[in-house]
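This structure is in structure tokens; I'll ask about it shortly.
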Amino acid sequence: MAQDSTAPSLTLTPGLKAWPVPRWILAWPALAWWIIFFVLPLAWIVLYSFGSKPQATEQGFVSLKSLSLDNYLAATSELFFNVFLGTLQIAGIGTIACALIGLPVAYTLAYYVAPRWRPLLVFLLILPFWTSFLLRTFAWRIILAPQGTLSKTLQSLGILDGPLLVLDTSWAVQLGIVYNYLPVMILPIYVAFERIDPALAKASMDLGAGPIRTFFQVTLPLAAPGLFGGLLLTFILAAGDYVVPTILGGTKGLMVGNLVATQILSAQNLPIGAAMAILLILMLALTVIVGIVLLWAVSRALRTMRGAAL
Amino acid sequence: MASEVNIVRISKAYGAFKAVDEVSLRIRQGSFVSLLGSSGAGKSTVLRMIGGFELPDTGRVEIGGKDVTQLPPYRRDVNTVFQNYALFPHMSAAENVAYGLRQDRVPAGERRKRVRDALDMVQMLSFAHRRPTELSGGQQQRIALARALVKRPSVLLLDEPLGALDRKLRQQMQIELKLLQAQLGLTFIFVTHDQEEALAMSDQIAIMRDGRIEQLGSPTELYDTPRTAFVASFIGAQNFLNGTRIADTNRLEAEGAQFTAGRVAEGLQPGAKALGAVRPEHVALTRDEPVDQPNRIAGQVAAVVMLGDALEYLIKLEGDRDLISRVQRGRAAGLPNTGEAVWASWDAAHFNLYPHEDLQVQSSRM
Amino acid sequence: MSIQPRNIRRIIGLTWMVMVFIFLFLPIFVIIAYSFNGGRNLYVWQEFSTRWYAVALDNPRVLSALAVSLKAAAINALIAVSLGMLAGLTLARRKGRWLVPYVMLIFVVLGTPELVSAIGQMIWLDRLGIFDGITRLSIGHSVFNVAVVTLIVRARAEGMGEQLEQAAADLGAVPWRAFVTITLPLLFPAVMAGLLLSFTFSLDNVITSVFVQRPGTTTLPLYILSSFKAGLKGDVAAIAVIMLGVSILAIAIAALLLNRGARRGSVMGGAMG
């Protein structure tokens, strides 16, 4: 039933029918909030990224006297470039690892777990993600500590020659990223699997495809949007992460997140920090676009490989 | 207490789609009128405009002589039984029924009494304290009915209320609703896509198609004298022969022969393409050619379907068309079996000619 | 018959799932366990003791950080719920051409790296001259949470359908009465869940707080972060566990509220998709 835009006002706006007021006016407060405290701040970042660090004699954090692309040039310096690449690498590997680990979990949850247990397990899945990010990342410092239990156990088992030296390296950051974003990857894939009509798999097998082929030819393609959403979301969140590299990375294993934070908070260089932040967004946007194009290309290729049906 | 409902040339369009196209209808007070049609015909939209949930683009709606077109639902003396019942899940059955009375500020004592009476009338008094989720479909339907009736509206609107019920329950509810309406003397406007249902319950049926009323009449009128091929095919079962009207006569040229009709629909031009309609129960079957019956055609029995009190013969004609004949089982002795040749014939009195239309099927079954 | 390939796959799948769940919960158990580590060095287990809890709860800086966190979280939750409920309802009941761009904005708000929006907020709040610590925190945290509440309320309102409100109008209820007696009670679980989630997100928030905070008003997560640089001790773990307990409780209640009365087959009442 099509939504009727001319129905007598039923809820929310009694009496307002007399005034020439837009129907969706009650959504304006939230909109105003976002415009003021989200859109405008972003605009300021863009503006500042073209500014420069104020001279000693000037006030404030940014001098807008001469706008230029200097910050962007500086931001693409070697140091920053390496950090960018490192971020892409860690976020990329992390996303793939999450997908490999998470897909079987999503599948199991959707197909091998009885329906009445699923809400509970989904809740347990989400719980670690929504409780303090900070705290759980901290716990990994305890687990990976050179003097900690794990380290001692591995040494006594002979697996390690010396203390566990993963902490404060990019490996620890990698582990932390995978750990923190696993639920983000699993949930959309699970939802996608769950939505698929069970009759479809049965039909596929009825027509002669075994379980493995059914999975790759029917189930996975149908779940593809969920998988894609999970990959995208995980990557975006991982690339912009600040907490994990700060806590688990020490001085090495830097990602864009804490590089930007350092520039802005420690080095007081707001313009460069702003430029880096914009570059981060551009990088993420670019990745999204590349991902979409890749997805489209892959699905086209698969279709042509399969050949025409008629 | 019951009111007359008068709809004058109402229209409603959603973008380019005309859901309702200049519909006018006068519903006498105290009568049971059905709006019948397939989905998309516009019948629910008309109902919603009477109820006040949609604003007509043109035209007006009058209830009891009063123009209510601009009034919101809560100011109209009309109540609705919704398709999915729309019972408030956070209230018990009794609280649901009491809701409307609360809005009218009926004093507590009288309110409780009326709620009890309403629940009793639909035989749901013992379920008064249950929540809707604890009730079956049929039970929810009764509560929805009680909730609407407790307010004693002058007009009751029912939007396919029996659609979700199984067949037996539906038939039972049809009888109950009919009795209730007669007993209360209210005006009932009933929307359905089930022609059997409409035939069983209504004083008048408005058959709708593409946003317009194709025919308005009593069940008998619609069954015996449908005005168009569409109405003929929609109500009851119908056989159609595809052919041409012979000049300006009442004869049809079809299947390589000529047939005589008792009635020619208005609007059928001389020599135009025409459809000849005859109901299966009027098609007689014989082994030998019935030479004194002008309307006859030869064929082969393709299948015989058992319907309980009758048998349905599917006759295959030349050129792959078919005809259906419905024969009471008492009269079926001696008739040809599947695969055998047979003659089908019918009286001109039961054969009507209509302008050609693109109906879904050539010969339509119920 | 249990050697069938399908059952083997099942067992492998379930085993893997259990292992992943253990992996996910391991740090939580570790932190809980080590919060009871009586030794001076957090990383080296010595003895069981609850002394760190006493130390933590005695620490005035901890208590003031806790107070700041709670206040900011509460204000932020109120903002999120009032703005979000209106927006969510409007999205469900007053559809039109404005809907698609509006929802796209919501997704941008949710999808932009928190880092970036935090920087922007810092700049903007400074320029606006808003220097009160708690106000800044509340505003900063609320932006994301308004979006979350909006989507939750919208999902619930869509799932509820307009029919009930129409039935109320049909029975004589004027719009505000229908809203109060029908819409609100049925939305209540979703609104409560939104409130709890907003509260929790704010309580646990790090990135926005790092940029937006003012000296003198530190939140609990930031206090933990700074003591990390000074060297971890047991009291930090103790605070962590307390915060964890509060978060878990709030989220559990929110999940229950969203699942109760939700459509079958939807996850979290449809709020998650």
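Residue numbering begins at 1 within each chain, and the chains themselves are lettered A, B and C in the order written.
The working rule: a residue touches a chain if its C-beta (ideal position, glycine included) is under 8 Å from a C-beta of that chain, and two chains touch if they have at least 3 such contacts.
Keep in mind it's a predicted model, so treat the numbers as computed, not measured.
For the pairs B-C and A-C, the count of C-beta pairs in contact is higher at A-C. Set against the Cα centre of chain C, the chain with the most distant centre is B. Separating the centre of chain A from that of chain B, both taken as means of CA atoms, is a distance of 56 Å.
Centroid to centroid, with C-alpha atoms defining each point, chain B and chain C lie 53 Å apart. Annotation: 17 Å between the Cα-based centres of chain A and chain C.
Residues of chain C found to touch two or more other chains are 166, 169, 174. The set of chain A residues that touch two or more partner chains comprises 9-10.
Counting only residues that touch two or more partner chains, chain B has 52-53, 72-73.
Of all residues in chain C, those touching chain A in their complex are 5-6, 9-10, 13-14, 16-17, 20-21, 23-28, 30-31, 34, 41-45, 79, 82-84, 86-87, 89-91, 93-96, 98, 102, 105, 109, 111-117, 119-124, 126-127, 139-140, 142-143, 146-147, 150, 162, 165-166, 169, 174-176, 178-179, 183, 197, 200-201, 203-204, 206-207, 210-211, 221, 224-225, 228, 232, 236-237, 240, 243-244, 247-248, 251-252, 255, 259, 265, 267-268, 272-273. The touching residues of chain C, counted against chain B in their complex, run 163-164, 166-174, 177, 181-182, 185-186, 261. Interface of chain A with chain C (complex): residues 3, 5, 9-14, 23-27, 29-31, 33-34, 37-38, 40-45, 48, 61, 101-102, 104-105, 107-109, 111-113, 119, 121-128, 130-143, 145, 147-149, 179, 182-183, 187-188, 190-191, 194-195, 211, 233, 236-237, 239-240, 242-243, 246-247, 256-257, 260-261, 264-265, 270, 273-274, 277, 280-281, 284.
Residue ranges on chain B touching chain C, taken from their complex, read 51-53, 72-74, 78-80, 82, 84, 86-90, 99-100, 103-104, 147-148, 151.
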